[in-house]
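Heads up, the next two complexes both have subunit A, just with different partners, subunit B and then subunit C.
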Partner chain A sequence: MSFECHEPSSVTDAVALGARFGEEGRFLAGGTDLIIQMRRGKVGPRHVMSLHRVSGLDRIEADGAVRLGALVTHRTIERCPAFQGPLQALVESAAVVGGHQIRNVATVGGNIVNASPAADVVPVLLALDATVTCLGPDGERTLTLDGFLTGPGQTARRPGELLTSVRFDQLPPGSATAFVKAGRRKAMEISVVCVAVRLTLDAAHARCQEARIALGAVAPTTLRARAAERALEGQPLTDEVLRRAGRLAAGECGPIDDVRASARYRRLLVETLVPRALRRSLERIGRAA
Partner chain B sequence: MSTGPRVVGQRLPRLDAPGKVTGTAVYAADFALPGMLHGKVLRSREAHARLLGVDAARARTLPGVRAVITAADVPDVRYGGALKDETVFARDKVRYVGQPVAAVAATTREAAEAALAAIDVAYEPLPAVFDVEAALAPGAPLIHEAWPTYTAIPILHREGNVCNRARIVAGDVERGFVEADRVFEHRFRTGMVHQGYTEPRAAVAVWDTSGQVTVWSNTQLPFEIQNTLAEILALPPSKIRVIVPGIGGGFGGKLRVGVEHFAALLARRAGRPVKIVTTCEEELTAAYPRQSTRVELKTGVTRDGRITAKAGRIWFDTGAFAGSGPGVASVATLVLAGPYRIPNLLIEGYAVYTNKTNCGSFRAPSGPQANFAVESQMDMIADALGLDPLDFRLKNIVREGDEGPTGQVLTAVGLEECLRRAAAAIGWADRRPTADRGKGLACGWWTTTGGSSGVYVKLNPDGTVALNTGAAEIGTAALTGAAQVLAEDLGVDLADISVVSADTFATPFDFGAQGSRTAFAVGNACRAAAADLRRQLCALAAAQWGVAAETLTVRDKHVVGDGKRIALVELARLSQASGGGLIAHGTFIAPPTAYDAKRVEAHVYPAFHSPSFHAHAVDLSVDRETGEVTLHRYVVAQDVGFAMNPTYIEGQIEGGVAQGLGQALSEEIVYEGGRVLNPNLTDYKMPTTLDLPRVESILVEHPSPVGPYGAKGVGEPPNIEPPAAVANAVAAAVGVRVTTLPITAEKVALALSGEATP
Partner chain C sequence: MSRLALSLRINGETHEVLTAPHRTLLDVLRDDLGLTGTKENCLEAECGVCTVLLDGRAVNACILLAAQCRGRDIVTIEGLASGGELHPLQRAFVERGAVQCGYCIPGMILSAKAYLEECPEASEDGIREALAGNLCRCTGYQKITEAVATAARELYGGRTTQ
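Right, the complex of A and B next:
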């Protein structure tokens, strides 16, 4: 493993380096994915561009729309007061990434660009209809997160482009989110399945106005369970409706068998965890009202 | 003398604590010498293949490369324990993915890795066998075609891919089944697991100009490594010095030669010191993990719950070499019989070759696998008979004076007390307190391994004492326990003892840190040495005072008697002025345990010495939908004979339980087609603190007549019962009986959903 290390001190410099090295370069944020992949020989960049001197990308702005700088760590998300209410799923997901040491350095931008189908924070962002902003030599582009994630480890990011931020709208009244994860251990665990949901109820809290369900580790990318979402929208959210959404979600995902779990078990988990997360969201809306 | 022990039995801090807590203790992986090279091992990519050629010419020319060795460069010897079937490098063929094929030493690790990549190996794949069933099938490919020609201890029963079949026969098992009202047959399986020591295997070797090699290694058995290296290097043991600087955990995985021989061979070739530290991937693909097993149990019981007969067979997948297999298969038969009165037994343990990594010993080798089957079945039978599992066990357990499975007479049997106290502590009366919550029990027995120990004890000029032992402090605080015994018997404080250990040139022989024996055997050797030193001290004082030595005693750091006292520091000065100082020698060998030789065949370990007895109880909940298990409480009642230092015994219990719960719930090295699918700690799942419950220890003391102050071996037993206890509690909680390890959430959930039999 031999490479050159660069330490740009501004977004402009980082983008310039990114443009210069293209496919041969990799940005390093927390390094918790990149370094391991380099050590295992999965990637071999000639140039590693550390972002630790780049300022301005580690902030959370939450007046109006929410903007997370790409270098915001999971620890920062976990502790962010703005996420204690309806956006709680962000805290729930960030709080179970690895262990303390990982969360202190690992970033939301890394979680997104790494594009693991098992990433924990990504499904929550997907359930929030987030967009991502990339900056390259040709300027800035904003894409939906859903469109950004194209395959395992693959995104629509162009070679050398820097992810600068991820953005989503505040939730309307009568909304809540929830995140649940299953794995073999209670910590330091890669999701066998993870589920993020967002619910918005109508003014009377009688029916579901809008639903988002995102599934991790059951498809080549983090996946929206659209059929399940549709089955909720406009409906009163009885337990039977929630369970039906679980069954639909289990049907529309495409898990594989691997050393962590069988496809069969992953489907069973989706069927179970989707209603569980939805129930939790409903309780949260009820409690907030 | 004094009124009861002052030092031994007390909760005193271990002697090696400051260095380990502050990070200044030196472990083998820390060890470095000037000019040291880095060694790396090239490992087979094929599971079973003829080795057509190993071409290292290109590797030898690479920058920084100082030595490249292959089978052609090393003595052609077969070595091993009970069965000598191993070679340093694969010769005619490779037998598992991960088998060493060549090794290199270079100025940097990166250069060594580049050299490995430049060695060309040509393989011609052969049909392979990846599990016991395939290895035993008629016409299965032989892993070792030349097995009849190998050197082995004569008692082994070998045949083709079976490298030992050990057997216990007692009574008449068929008659026993006829006497039974019900006969139960069950099958179980357990997965391959790694010891999970924190420090990978590491060694540094250097040769001097006289042709002597010194190896610093984190081995548990320096004297065994000395002998193995003598075989491999074709040198007398006197040319081989093995020193253990420190061990970051071993649990049986560092008993046998790991990287010491590569370091020594490379260092000889390069003329420079060579260090090798294994990677995590090497640990999980080419170390000495715990064997996976298959078990069949057939047990006959009367209607009122008395066991009349048991037929049991356990097959160990020992991998491509015998390793510990023949011995482990033997020990297993005693565990499979269990701590129960069973008049009629036919128990067999098989060690079977496959094209996988060579398995070894892991904390109570065979214990967890065999106990999982035995204790799961005890609950299954109790359920079928409508008996309480505790009552069923109490009806059948061995008691004082009973015979063990091979006819040994059992004494100091604390099993009933262990069972009753563990059950009481877990709240057994309320076995299913709420929905999806249940409690499980399991009990067992284990040995205190024999073997001899020697110590030297030297009086220091300041009246303190140096304990010189060939045993290594593996992390259990066993040597602190032994030092407590020594301090007690010499009338000094624990802080007055300093320990020098594990150097084959400087310390007396010791059978090694294995088999729960270190505190037991070294402690007893300390008792003998203390008696010798007391005699010498009294003789010296007696000569000063002109009195008979027999009238004097050693107490409170003085020799006293005849109305006088003289401090040890003064005697130290006197002895140095006149007699070259005082040094005492103490030795110990566990007396043989009598057994009925007619009951055993091909058995390497026919009786348990100073056996310990234990019961575990767990309280857990199961998530019915996801299958996830949450552990609430865990109780261990263990008969330790005498608690030399309760703090560290509790430490052993907590650690052993944690490891056992890993095997129970989450850990498994998964093979597919001869390759490990999870050779990393991302997917080899050892439990974290959040996965583990509080472990409560109850120390039961039925003193061993042989152990120091009555102590029994304590290190291995806590690892035995967790899988069975968990399986029983899961069954109690949700009615699902998982008969394979690990008991993953997936197995539980799929069984609950009716989709699969676990």
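Right, the complex of A and C next:
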């Protein structure tokens, strides 16, 4: 590793450095992806812009819409009281990222920009219809998270742009979320498959009004299972309907064989974990009512 | 190559170091300052032997640039004993027989310290979860978990469940 290190002390300075170095620069947040990729020689930025002195990007605002600054750590999400209710899946996903040492420094912004298809917090944000805000020399842009993630390790971020926040609406009454992860061991494990769901029921709690299903580690990007979502919306959520959504989701994804698991096993997991996460959400709505 | 002049506060003492930008806190601790209690192994944040406390929280020194530590408070295993007295966690590890080869122990103790400060009412599950980022090849973890629970009782009173 050989590079120049910069320590901007404000968002404005960080954006100016980003613009100056473009493709040759990288922002450094927790470094839990970047430093390791640099050491393995996968990336070799000439300029590293550490964000540790930039203040104001590490806050969670949850009155009205929810806004997470890009530098919010997984540990902060895990312990945030505002996420104990319907937004519980955020806590469930943040709490399984690495061990304490990782979660103390690794950020939500890094999880998004790193764009690993196996990222754990990203599917939850996708299920919440999150948007991301980037700041560059030409000003601020807000994109849907779905549109932002374009491929493995690839995003719609322009060279030098700083991700400043991720935002989503609070959920209406009769909603819940759930996150389920399958790995080969309980902790310190990259997902073999992960599933995030959000359900909103109608006023009578008889039928599903809105459903979101996001899948990790089964496609080049974190994936929305749209056919499965459509199969739930407008329906009474019987077990057969939930199982059918699982089968549809398994059909929609495109997993690969790798060191962690075979494609076939991943599809089987999706078929099982989607209804499991949906059932968990339903139970949570039932308990809250 | 450029050099950075850093003032680092380690175990309550300020150290002035001149280092290349790519060097990690682990490099500086071990190679420049001779603080070899912090161990080196995977260099990929997987094993936890390099754990130190940064502003009170457990972090992996192997993926932390020394430059990121400017003006922050660092505690290594050398900073735990005071006045020739071992820290209660260290004593519990010795007394409970939680140490075999010892390589993982500095990291274990610092992770445990951060966890107990955050969560004095430690449970066995909580301890195991807090130590998930620290691998031990020798002990099987049982005595380590017991040692942390013992220290928690000594430090914070009798509420710890075992």
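Here, the second predicted complex is superposed on the first by the 289 of 289 C-alpha atoms of A that agree within 3 Å, B and C clash if a C-alpha of one lies under 4 Å from a C-alpha of the other, contacts with A are read in each partner's own complex, and residues count from 1 in each chain.
Assume a residue touches a chain if its C-beta (ideal position, glycine included) is under 8 Å from a C-beta of that chain, and two chains touch if they have at least 3 such contacts.
Since the structure is predicted, the reported quantities are computational estimates derived from the model, not experimental observations.
Engineer: Quick one: classify A:Glu7 as touching subunit B (first), subunit C (second), both or neither.
Structural biologist: It touches subunit C, and subunit B stays clear.
Engineer: Which partner chains sit in contact with A:Ala204 here, subunit B, subunit C, both or neither? Use first/second/both/neither.
Structural biologist: After superposing on A, A:Ala204 lies clear of both subunit B and subunit C.
Engineer: A:Ala187 contacts which: subunit B (first), subunit C (second), both, neither?
Structural biologist: A:Ala187: touches subunit B and subunit C.
Engineer: Taking the superposition on A as described, I'd like to know which of subunit B and subunit C A:Leu269 touches: first, second, both or neither.
Structural biologist: Once the two structures are laid over each other on A, A:Leu269 reaches subunit B alone.
Engineer: Once the shared chain is lined up, is A:Ala289 touching subunit B (first), subunit C (second), both, or neither of them?
Structural biologist: In the superposed model, A:Ala289 contacts neither subunit B nor subunit C.
Engineer: Which subunit A residues are contacted by subunit C in one complex and by subunit B in the other?
Structural biologist: Residues 1-2, 99, 186-188 of subunit A touch both subunit B and subunit C.
Engineer: What does subunit A use to touch subunit C in their complex?
Structural biologist: 1-5, 7, 28, 31-32, 35-36, 39, 48, 50, 52, 75, 98-102, 104-105, 186-188
Engineer: Taking the touch rule as given, give the residues of subunit C at its contact with subunit A in the complex, in rising order.
Structural biologist: 1-2, 4, 20-22, 24, 43-46, 48, 51, 54, 57-60, 63-65, 67-68, 70, 111, 114-115, 129-134
Engineer: Which residues of subunit A touch subunit B once you look at their complex with the stated criterion?
Structural biologist: On the subunit A side, the touching residues are 1-2, 40, 99, 182, 184-190, 258-262, 264-265, 268-269, 272-273, 276.
Engineer: Could you list, by residue number, the parts of subunit B that touch subunit A in their complex?
Structural biologist: 110, 625-626, 628, 665-666, 670, 677-678, 680, 682-683, 685, 687-691, 744-746, 749-750, 753, 755
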